[in-house]
Every structure is written in structure tokens, then in C-alpha cells.
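See structure below.
Chains: A, B, C and D, in written order; residue numbering restarts at 1 for each.
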């Protein structure tokens, strides 16, 4: 495939062919010698060579444990690990590097907040009678931790519903965000509907009642400039593997005042100040929340990843995603029997497009597309409640990224038409 | 350095020079063009090329999210990830692959057990008046989680003390393990003293009173054949980065009957059966305990690592470690002013040797050794209580592994002598 | 490797998908179960009605309400065809044969005597991600039947998560 | 890179290590603090005694009980020499100068007027793992002094964990 199909599309990354060369997997041939058309980036992104090389260089030349090792390799490894923290802090425009905590993924980061709020004593504690507010478009990872928290503490779990066009329904915000509300946790960008939420506005309302605002930026961080200070949030989380970094690492940024007051999450090496058999005292942030050997080579990979994205520019990536998403929505609009879930205006959304094909189950759609070498996701995308809201059990999702070309979108749309033919629904 | 100094040492791995070639970092030159003498393997092990290559191949050719992705890359990635679980199950002689849970490190695995026992309802619940028993030689990661558990629940934390030669003092076992005891958690091999504990015997006693036995195999798994069934334990944990695998992954093995009864730990994607806004039901093991995107490329690396160790043979590695440790203990015995902490008989211990040098602080010892290219660890090695037991605040630790040669031990012993000279204590 | 779509989507499978046999929930039944494929959300509610002496029961009826892909829907339909009217032993033997076929990765030649239309699913075993789909209804049947035989008839919701 | 051991272990440092000045805990004091280096376990208990008018206090005494490596012990000894008898402002200025020197990675030329024997630690700044050692006593002094000035004299146990 020559990937320059509609390279006149305004907003496309200018060096798209060069960027694609950075990703070794994009030259993979699949069954029947098909080229890979990877449209599952909201699930996990592909990795550029520079990320892989940074990890290999670390493993082959600098590997040692961090903090505790004082020899030359230990110093190199610690420096690489802490440099990754600096890079992530810069990526998020965090006021302090110490506010950046490495977790294993976004899910752990959200559980960290939910658990420490249950264990906190004093004003932060979430207890019986308190309220936690989420939304109906959350990923399961931003639902289940709060269900567990509210079940264990006797607090009350409430949520924003959705409008028919896949936006947050803010009409009952005054009933939801009240004096009782201790936490508001919401996604910045929906992984199913693509919706971009008005995070700063909701944060402002939540802060009026003194609630803590947690923002799940798992889908935002890959494709928008994320400025944690401008976001108004108290906590922002994202996951390494969706920002061209490796698995095994996630990020929790939190305001120092908040993190300082929260009790520790997991106990163990690295998070202590001093330990006796009877009792222990704990380190300051970020170490307080990083028990055990941290994801060292993963941090090195993530540091290289955010450097890579930063060099291309998040604004440019955002424009590219909007251009590709617009083109993909236009393409789908030409196919009878296809219904897109979520906003239809590409400027209101991220690059994940979920849709239904009349008469063909998403499994079967994705199976057919896969036979053409096109990778999409079928199922509930870890957003069962959002699917239920729209009366569907599952959907097919095509999600682009900075390496996606208009020609790939063309192949995808043709694939949908061929699928309809195969199942004799068109 | 020609690393065949005393290659006549009985028990050494026969292909030591070939094995060393598997580890790219071992050819690193440090400052002043010194060859690396890596004696910090109890802190983290070095990685063979096959582990690095397996990770690179996955990232460059097979990267996709697991379980949820149904396309070809998704199938390849899921297969690689689940194959790693099979490999780890075989490595541990686990009765079922489903009993193998991937965590982020050993510390998380221990916290998982401590937290779910607090949250459990019914006979497993650890509550006020119940007792948890640990030992004075535990790593902080097997102390702090139990302190947090007992503080939060009002249960009672007790521990086995140590004898002067660094063994567990089992003289008060009948007072410690009683009808009130719900959990006994102990390390198989001490990371500070090197002591190998009689795990099966303690497990037998603990089971007589119906307690759950948790074994921290973080130092055992790298160097002994670990058969979870023979161990008698209910839960065994270890960490990837110490068995020549990557950081970012740990393993929890637990008996199915136990794991099935425990409530979930972290909530999120992958660990659910079904989710509504009001409530969720959870997947069976192993997924119940694996919230969020798991450490995929790390599992691939860990799978390659346990294959690598298995091909060499854990029995052979154990013999090698004993031979090297014996040689190292002999070497230190020739140096006046050096005191080894822990058992002096190499057959009773693992390959981590902590010691004191009269008149020179461990920081200064390790700094001097580092200037000769020799990497050891100085400090409390995350075992403050064990240090306190022996009246020392910190120590220097030399820890070997399957790639360690007698010539490296010679260099280390000479380094100690040179250190004493530098600080004018000999 | 080649993606052998037609070996997956056999005409028999698509026929059963378009016109599922024995669909809809019916009385009487001794056990009703609800199974979910957690990966994709496919669901089935399934009822089993047994008749006959303890130790010699017959599967008098299997009825179900399923939502899912072509493979899962067709497999439920074929399963109902195969087990209704059979001795329980024989029905469970067919379950076992189907399970083995699905886990075979294309290496087993299915026995048409035992599996009838079920042999059309041989191709599914080469698509690991779809094996769960084909097994959803069968697992529900096994679960419901075992529950009755164990004398603990109730509504259960286990998961299929391999 | 070369491991410049002698730039780390200056003779002055080893002298202070072998014969620490002002060691031992003494009365009177307004604040006592206990600091730990969590990585290695090095510890210091340190007391500060100030005299004089609010706004014009003098450091009358600094006494300490420290357990640690040559660098941390020698740094505490040099620190006590430098600050005892100084105006608080001047003592804190020396703290600041020492901190900057330590964080300089060998790029700052230390001012002997201000730091006296402390200039011997310039080499430490090239060993990132040892910077914490050199700062342990200084951080304890800063903490204890600030506590007195804030009028909240008490025994605190913070950590040094950068």
C-alpha cells in the first residue's frame, strides 16, 4: 500500500511516511501477505524504534537496581530512571517532578487513589454518607475501584449520564456535585465514544464543594497536550503503553498537598523512611507510593516515548488525529447500514470511533477486517455501561494514531463494505 | 580478566565462559577502563541476550493488547503472554497455570495477599484478635504490608527472632503459631543473611493450626529449584528482575481453593465478568487479580528468563552458587577485620554474603570497590530489623549469580584488602 | 499462514446463525444459567429440562436467549439440536467431543456421528480468539445440567475466561 | 570518566571523620531532630541552641550523635565548625552555599571564605550517590533551626529522600 492516498488532507502530519518508518511493526506482513493496517491504537499503541532502543541499551549496558545501588551501574540506572520522571513531569507540565508517581498501569493509579482515600483519616477520608461521582462513559478501570471503595466504606456512588449524541449530560450537575461529594472522577477522552469532556469546567464545579477531582487521561495523553495545571484536576493518570511506551508502567500525577496527606498504598522496600518490627515511617513523595523495585526499564522506555511525542508535538498529533478521524467518519457516512456511536463532529472528539454494522455482529466485522489485515477491536471495550446506555451489547472500534494514513482509512472503509457483502447484508 | 581463575572449583557451571557471553553487560568497561565485576545480583540480576531479544521481537513484531484484541497481532500477543504463564507454572511446578498471577513485583504480590485477607469475609478474614506471624529476617516488603494489615484490622503482628548465627530461632514456635494465628509469612532465603529457611517444616506447623502460609521466594527462585507443591506453602511469590527477567513483573502463585475465596484486589479492566454502574461481578483466576493491561512484554521476557534458567538447570545453578559462595566465604576468612553476618556454612545458605569491615563504613567500602569496577551493595538491604538484630546499622553485601567466576571473587577479596589499606585500617 | 475465512464461516454455521433452532426461553426447566464472555460481552441465558429416573435422565428440552456473534449463536443452535432428546450421558459426551475439537487447533478430525452439524466448527479451532464464542452455549449447558444432577438447581452466573 | 577517589576522600574529610568536632549531644538546646538517609540507614540526632534577640539570633551550639559513612560524619563535623558562633542568617547562608555546591556536579568553584573546610566536599558533588551523605547533617541543622525560628520547637523525624 502506498500510504499517501489523500495526503492533501489538511492537518495530517507532514512527515507521515518518515514517522511510519519509526515503527518497525508497521512493515509486518500478516496472513496472505497482507500489510498491517493497525486501527487498534486506543487499545495499545505501537512502539517506535527509539523506545525499543532505549530499553535495549538500558538492559544491555546500564541495568542495575535504583536508589539503593551506589555503584556506577546503579548510578547510571538511577539517573536514567529519575530522568524519566523529569521527562514525564515536563510532558504533563507538572509543577514538581516529585508529584509524578510511577504505577504499573492506569488502573493501578486509579486504585491507588480510591484505596488511600478510604484509608485516609481526617478531611480526605471517604466514609459512609460521602459521595463519589463518576460518569457513565468511564472505562471499567475508573468504575470498579470506586464501586469497591463505596461498597467497603458505605459511601454513595453516583454518576453523570450521557446525552444521545454521546456527551456528558450535565443537566443534573447541581444534584450530583453537592456538599456531600468528596470525589469526582472522570475520563478526559472516552475510549468508546471518543468524546472529549469539559474537564476544567467540571473541576471548577467540584472544587466549589471541596471535592477532589481525578482525571483519567489514558486516552487524552496519547493525543492531546495534557497540562495538569490547566486541567484543574487534583490527580491525573495515564498509562505507558498507549503513549508509544511499554506495558508495565503507568503514571499518577497528583498535587503535592494532596499526596502528602494521603496514607501509603502498598508497603515495602523503597517507600519507607525507617522500619522496625513494630512500626515503620514512610518516605516522602514520590517514593511513598512506589513500593518495591519500580518499573525501571519501563520508565526508560516511557521517557523515550514522551520525548518522541514531544518532538513531533502534541498539538500536531492532535491535529493529525482530528484530520484522520474526520476522514474516517466521512468514509463511514458513505456506507449504508453503519451507525457511529458518539459525537459526529471530529473537533469534539478523539481518534476512537465505535460503530455498528446492521446485521453483522462486531466479532464478525472484526474477523472479516482481520482477514484483510485490518486490526480493529470488537466487544465492549471495557465500557459496558456506555454500551448499555446506547442499547448495544458490543461494537466495533477503529482507532487511529500518529502513524495512521488516509489510505489505511480507505482500506478500512472498503473492508466494511466487503464485510457487508460477505454476510449478505448489503 | 580471564575468568577461569579457579575453574577447578567443584560445582561450578561447566560452561561458565559461554554463559557469560549470554550477558551483554558483562563485557561493559567501567571508569578507568575497568571490567565490570557484578556482585549485586541479589539486588537485581543481569539479563541474557535471549531475554532482551524476546522482548524486542515482541515489541517489533507482535505488539498488541491481550485478551481483548481478536485480530492476528492480538492473538499472537495473547498467545505469547499466556505461554509465559505456562512457562512460569512449569518453573514453579504449579498444579495449574490458572494459579499463576502476574503482579508488578514481589512487593505488590505480598500486598495483594495482605489486603485481600483484610477484605475477605468468613474464615479467611484477618480481624481484630487474629495473629500474623513473620520473621526478623524479612525484607521490608514482607514486613510493611503486614504492619499495615494488622494496624488497619487490629490484628496482632508477631515474629520469629534470629539466632546468633543468623538462623530462625524456632524455640518459641509453639507460642507463636497458635490457634489465633491466621497467617505465617516468611522468606525462603534471606536477602541479607543468605539463610535458607526450613519452609516446609514451618508450613506443616502452621497448617496444623489452620494458618495460611505465604513464602517470599524472591531470593530462592533465582538460585534454587522452587517446587511450590513440595514447599507446603499456600502462596509463593517472586520477582521477575531477580531471575534474569525484566523489571515491571512479579509472580504470585496461590492454591486455587484459596485464590477462589479471596476477594479481588485492584478493580478495573480484565478482572471483571460483567460491569453495570451499580455493581460488577469478577472473572475467575488468574484474571480476577490482574486489573488493567498486564505487563505483556515483561511476561514475554520473564518467560524467556525461566526457560533460560530451566535450560541450565536450577540444580546446577544452585551448585554453582554454593561453590562460589563457599569460595567467597573462604576468601573473606583470610582477611583480618572482616566479619560475615549469617551462616558460615555455604550449604546452609544462598549466594548473598553481608559483612562488616572494621573501621570502614559500608558506603566507603562499596565506594572503594566501585572504583575497582566491583559492584556490591552497601546499606540495610531493605532489612533494617535484621541489621538491628546484629547490632549493625548497615553492611556491605556481595551477591553472586550463575555468571560469577572465581576470578571475580579473587578481585573482590583483593578489593577489600585494598580498601583497608586506603582507609589505613590494615 | 492464510486466513481461511470460509473454513470459519461454513455455510451451515451461517444458516444456524440466521435461523437459530430451539431459541427462546421455555418452561418447564430445572435450572437456568446466565453465562457471559467477559472479553466481548456475549451473553446467553439457558434453561435445561431433564426427565427420567436418577442416573438415567434424558435432556427433554434446552431453551435459550442468546446475544452474540455468528459463531456463538450458531454453536448454541447446533448444541440444542444435538442434545435435546439425548440421554444426559450421551449429551455430556457430545459436550466433551465438541470441547476437544475446539481445543485442537485444527488437528482433530471431528466425528460426524457424534457431532453432526457441529463438525462445521472444526475451522473455528484455528481461530483461538473465537473458540470462546463457540463454547459459550455449550458451557452454559454443561453448567446447568451439572447443577441439576448435583441437586443444587439454582441460577448461577459463572464466567468463561480462558 | 575516571573514578577520582582522592577528590572524594580529601585528607581533610578523612581527618574530620576520624576526629569529628563538636560530636556528642549537649544541653541546652531548643530543638532536637532525628534525620535518616532511607537508602542506607545513616542517622543523625542533632540539637541546636540559639541565643539572642528575635531576628538577630546566634547559633550558640550545635551538638549531634551521628552514625554513618566518612562523608556524612565529616560533613556534620565541618558543618558544626562552620555554623557555631555565627548569626543564624549567616549560618543558613552557608547551608545554602553548601547545598548548591553539592548539587553542582562538580561545576561550581566553592568559596573558601564561606565554606572553609567545606570546600573539601567539592569532589563529592561528582558522586551523586554520596551527595545525600554529605547533606544529612546540614539538612538536620536547617530543619532544627527553622523549627526554632518558627516557634514550634519539637522533635521531628523527616526523611531525606531525593
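Throughout what follows, contacts are C-beta pairs under 8 Å (C-beta built on N, C-alpha and C of every residue); 3 or more make two chains touch, one makes a residue touch a chain.
Keep in mind that what you see is a predicted model, and the values were worked out from it rather than measured.
Any chain touching chain A that also touches chain C appears here: B. Chain D has its Cα centroid 37 Å from the Cα centroid of chain B.
Note on chain placement: the centre of chain A and the centre of chain D lie 45 Å apart, centres being C-alpha means.
Each chain gets a centre from the mean of its Cα atoms; for chain A and chain B, those two points are 32 Å apart.
In chain C, the positions touching at least two other chains are 3, 39-41, 127, 130.
Multi-chain contact residues of chain B, defined as those touching 2 or more other chains: 31, 68, 70, 72, 74, 272, 274, 363, 367, 370, 378-379, 384. Remark: the chains found to touch one another pair up as A-B, A-C, A-D, B-C, B-D. Here chain A touches chain C in the complex through residues 31-32, 361-364, 367-368, 370-371, 378-380, 384, 387, 393-394, 422-423, going by the rule given at the top. Against chain A, in their complex, chain D makes its touches with residues 3, 36, 38-41, 127-130, 157-159, 161.
Only residues 67-68, 70, 72, 74-75, 78-79, 272-274, 281-284, 287 of chain A touch chain D when the two sit together in their complex. On the side of chain D, the complex with chain B involves touching residues 1-3, 5, 8-9, 14, 39-43, 67-72, 127, 130, 133. Of all residues in chain B, only 24-25, 28, 30-31, 36, 38, 40, 43-44, 46-47, 51-52, 55-56, 59-65, 68-74, 104-108, 110-111, 114, 119, 136, 139-145, 147-148, 152, 157, 159, 239, 241, 246-250, 264, 266-272, 274-277, 279-280, 291-298, 363, 366-367, 369-370, 373-379, 381-382, 384-385, 388 touch chain A in the complex they form.
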